[in-house]
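Shown next, in structure tokens, is the structure this report addresses.
Chain naming follows the written order as A, B, C, D, E and F, and within any one chain the residues start at number 1.
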Amino acid sequence: MRPSGRTVSQIRPVTITRNFTCHAEGSVLIEFGNTKVLCNATVEEGVPRFMKGQGKGWVTAEYSMLPRSTHTRSQREAARGKQGGRTLEIQRLIARSLRAAVDLKLLGENTIILDCDVIQADGGTRTASITGACVALVDAINHMRGKGLIKTNPLKHMIAAISVGIYQGTPVADLEYLEDSEAETDMNIVMAEDGRLIEVQGTAEEAPFSFDEMQEMLELSKHALRELFDAQKAALN
Amino acid sequence: MRPSGRTVSQIRPVTITRNFTCHAEGSVLIEFGNTKVLCNATVEEGVPRFMKGQGKGWVTAEYSMLPRSTHTRSQREAARGKQGGRTLEIQRLIARSLRAAVDLKLLGENTIILDCDVIQADGGTRTASITGACVALVDAINHMRGKGLIKTNPLKHMIAAISVGIYQGTPVADLEYLEDSEAETDMNIVMAEDGRLIEVQGTAEEAPFSFDEMQEMLELSKHALRELFDAQKAALN
Amino acid sequence: MRPSGRTVSQIRPVTITRNFTCHAEGSVLIEFGNTKVLCNATVEEGVPRFMKGQGKGWVTAEYSMLPRSTHTRSQREAARGKQGGRTLEIQRLIARSLRAAVDLKLLGENTIILDCDVIQADGGTRTASITGACVALVDAINHMRGKGLIKTNPLKHMIAAISVGIYQGTPVADLEYLEDSEAETDMNIVMAEDGRLIEVQGTAEEAPFSFDEMQEMLELSKHALRELFDAQKAALN
Amino acid sequence: MRPSGRTVSQIRPVTITRNFTCHAEGSVLIEFGNTKVLCNATVEEGVPRFMKGQGKGWVTAEYSMLPRSTHTRSQREAARGKQGGRTLEIQRLIARSLRAAVDLKLLGENTIILDCDVIQADGGTRTASITGACVALVDAINHMRGKGLIKTNPLKHMIAAISVGIYQGTPVADLEYLEDSEAETDMNIVMAEDGRLIEVQGTAEEAPFSFDEMQEMLELSKHALRELFDAQKAALN
Amino acid sequence: MRPSGRTVSQIRPVTITRNFTCHAEGSVLIEFGNTKVLCNATVEEGVPRFMKGQGKGWVTAEYSMLPRSTHTRSQREAARGKQGGRTLEIQRLIARSLRAAVDLKLLGENTIILDCDVIQADGGTRTASITGACVALVDAINHMRGKGLIKTNPLKHMIAAISVGIYQGTPVADLEYLEDSEAETDMNIVMAEDGRLIEVQGTAEEAPFSFDEMQEMLELSKHALRELFDAQKAALN
Amino acid sequence: MRPSGRTVSQIRPVTITRNFTCHAEGSVLIEFGNTKVLCNATVEEGVPRFMKGQGKGWVTAEYSMLPRSTHTRSQREAARGKQGGRTLEIQRLIARSLRAAVDLKLLGENTIILDCDVIQADGGTRTASITGACVALVDAINHMRGKGLIKTNPLKHMIAAISVGIYQGTPVADLEYLEDSEAETDMNIVMAEDGRLIEVQGTAEEAPFSFDEMQEMLELSKHALRELFDAQKAALN
């Protein structure tokens, strides 16, 4: 039934490549099938002004799609002079999610910036960004520990994210673009590795969804997220 | 336990005043306790460029907080030269939600714009905006029908929205600012009057939340949303 | 002769509601007939950079019209990415006028910001803004004195403002939109309560005006401004 | 008493140089003492969108100060990314004033743009701009007539502008910077050559001014404006 | 002498990977040692407004560095709200250069956009961009021919670009970042495959350079550019 | 052969007027025939943030064309809200070139800003800007020395710039607009008075150029630049 022939719970092949670029303190290329996102983590001393003097660190994120990461070219946001609403919405989600993975007090007055740049898009770029950024975050933290910038590991738990949705009446996991563009409902789920939820965003695209359908989608996500946590761990070893 | 002495499921007094201003095709002041949002609906002929030639209409929304709607003054976005990420995220949510209430084909090539301006904020401004904007939308639709711009009512169902959250370990409905700023989890739920979901957005603010807690919050919202649908109906009669 | 049946010198009913919102240090809704402006005064410690170190305070203002405060919707300036020339011109006028009411030395290094947001427009929004903002300013000053931020009252005198113009060849006071849009000449007059002038701005819209006509308009304004000073006083008692 | 030794009614030497640059349809350098403004008039076919289809023309203006036209360098507005409030206020004044000189119906669907760029500033740049722009406007109109773009002269009357103010308690005409920066009151008057008023803008800088003082300033302006109309005529012959 | 041990005329290993992403009509990853640039070519029907109606096509380019393509993170231009001067200067150079490779008349009223996004920077990003973009351009042209959008090949000749400079007193080819940041002179040369020049930009960074030194640098570039033309050809076969 | 009847090596009459305006520390109007650029030098204490604490000064530049300096009016960049790519490219060239004339260490922590505003354009505005700005720079340096801000003259050498190009197959010097708009190749050369090169920028407009043609253009520039150095010296004596 699915365009790719996948089963409803089957996610696409996930590849996580660390040290993809050489300058960043953490640099991860994450691939969910044809979706490819470069997640670079930067460590900067100091915190933004609104955080100063609290003895705490900060984790933030920026998201962008290369103009031709999509079927038709989208205008470059730098040329347009501002980031679009979708971009801001997504990077706020990524930042909130990653902050939930870190004990900001243990980070000291340092900032970690996660740049998620979509090289190629085929659905699920925001959830791939979160999943890949968490690996880059770990590398950045290890870099900080190696340099003696922090003593205690501020990572509270790994996080990962997956999209689920209702496609042709059936809940499916990890929608690719063809499914996503026709899905009745679209839901993004960010989970901590202990199984608790960080963020749930479900949107009725074509038709409202019932509490039961929501339940089914949540269930479906659990298995997929397990696989993602395994892929993260494998990459980090 | 709650600062206001409300029970966990008790929402604040809701007041819906139609025709609050005289120029808009729909003009609603909605109050959830101290939260006051002016929702003006504007009918314009034609649709945005990306919708042209499809014989369908469009529903969109804009959201803003007056600079001193909050405890401390926030900078005016027009003076700053751009809308912030939170503003864009909220107005995208309002627009998506209201579009889910309308059959765009029956709207013809017309646009309805919902301007939600927060006069006074005390938590729950986005859910109040959605709930109030739906009433303004109905007035705008009636205006269009009165003028013969459309023949068939394009409203598919009323929608309403409520915030629920976990405050001091307990799920509560309709958080006011004091609760919201300390909540462990914050969830906004947009529902159609038939009980199905339009949008669910849950965020772990302090700590991840379990699937069970999410279930409890969803349950809590059902009752609150019933009251809101009643308040909308009373206002429209 | 006037659309409303008013006499040439008759101003519209003026209502001044204090404490219209709950967070601002001064919050006034002023109504001139159908024109309704919310004037919020905010007290902030410190002064803008160009005023630092002079031991003096600052008074400034911002003005905005809600998109649907007018007959047809105007684009939201925050969405457009900048404030228009008319907005800047008006808020500069409001700020200059209110600064003329305050002894900045007695204000200490504090700033008072007057946010004038037009809820509904029917002509005369800038003069209503000035008249209402002066009441909000008094409330903000009283708040500062109550908190011990300042010892001596920095208010030099109340100020108020009115529009006069030549409509169908005759000078009239307090033009509503129908008159304003057809007036030959439009003049805004800001006065101190001792009868001296703070600002006079007269513009030939359709035809130049003579020195005598200007004289007549100035005379007409005196009576109207007296009524406004009385309304301010009544509101403040 | 005046820094320059001028009498209260004495204006600075005024020089009007036509054809100052070679490309514009009208190009005037106007000098009021050390104040030097280049006023270029451009004729463009067509009108802005909001004027289309009315069979009428449009007259507009832009104003700018070169960064080092003043004692200390001011930031270039193009580099800052927006025109300041003062700039917009002044160019709106120039445009309104010049529009009052032209019968837009006789202009046909053409636009005249008046660019007023301050080369050197010493007070009175906005009034010099208006006075010089009117000469450039005449040259542009003559250019149009020469080219057969219009048949009837759309000029209704010449206009000119002067600043007057109260300096050390005494009304004086044509304030230079040293006076302007200390003036108690500052007033700009735009007049048609028949002696009627186009625009009057009086501002209390240090202290409110009485109706009598306003009267004195208006009187003072009449003589100065006569001289300006003479200078314009001399330049055009 | 060179940090890498290269001879003065030796360029870094060059790798050209076609079809690096799947959506663009031409997609090339070009690597000059550690410098990696993704060059995507997009074909769009139609031309920009200023080119309409001439029966000719258009070739343009955009350039960007990912925030963490460099040693320290640079601010994202989309977040800053505008493209910097260096970015604009480089993308104008890329566009001019590529336009010199195409007969715009044979392109018909179509536009080819070359997006050059630097994934990793180690000196010479603009010359790598030009060299890689020319290969992507060829793929885009072949795509157009395959689709029947154009009949005749509009490519006039391949172009390639190299940086040369004076490092520690000696002219060297293909400077990497360590050399570039200390070079006395920096020169970028864009050449057509017939050996003629498209663009020469030489800049004295530390000290002026003589006509003889310029001559030496030009000579040095010839050999390097030959290698690049060979690499392009190899990639295209 | 040339529209002006000039020989291939003949430059237009060059006029350099110092003290053109009265406020700037250096103010030069430079004319190359009909091209007229006002170059104002401003001295400011302190340096930009990225230069702080190095004990060195900074030299920067800004460039602009008055909207009607050209045949048809170009939009004012301040009104458009940003500087165009051409403007940024040119002002970066001017700034780099002038920095090459100054020993920044001897300048102390001071900044010199060179504002080059084109009053009238007829080709060669960037090279005229550089040549004129160097004279204004000398005046600003002399001002600093007169005020005791610096003790040693930080000027390393005068610099001047000229455009050369290939027009109708023949290399010519100092192209005016008519030639420039049709030139096959356009080259700008910035030279120090000792004959060494500061910047060389050659662009193939219509057709690639050979190494020999480049050589010819470089030769042609030498004579022209000699004349410019003489004109600078004459102006400074």
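Throughout what follows, a residue touches a chain if its C-beta (ideal position, glycine included) is under 8 Å from a C-beta of that chain, and two chains touch if they have at least 3 such contacts.
Composition by chain, UniProt nomenclature: A, B, C, D, E, F = Ribonuclease PH.
In this text the structure is predicted, and so the values were computed from the model without any measurement.
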Inset, instruction - Give me the fewest steps it takes to get from subunit A to subunit D if each step has to go to a chain it touches. - result: 3
Legend entry - Euclidean distance of C-alpha centroids - subunit C vs subunit F, Å: 50
Inset, instruction - Give, as an integer number of Å, the spacing between the C-alpha centres of subunit F and subunit E. - result: 27
Legend entry - Centroid distance [mean C-alpha coordinates] between subunit C and subunit A, Å: 50
Inset, instruction - Please set out, as single numbers or ranges, the residues of subunit D touching at least two other chains. - result: 81-82
Legend entry - Successive chains along the ring, subunit E then subunit F then the rest: E, F, D, C, B, A
Inset, instruction - Show which residues of subunit C lie in contact with subunit D when the two form their complex. - result: 82, 85-86, 88-89, 91-92, 96, 100, 187, 191-192, 194-204, 207-211, 214, 218
Legend entry - subunit F partner contacts - residues on subunit D that touch it in the complex: 21-24, 27, 34, 36, 38, 40, 42, 44, 62, 64, 66-71, 73, 76-83, 87, 113, 115, 117, 119-121
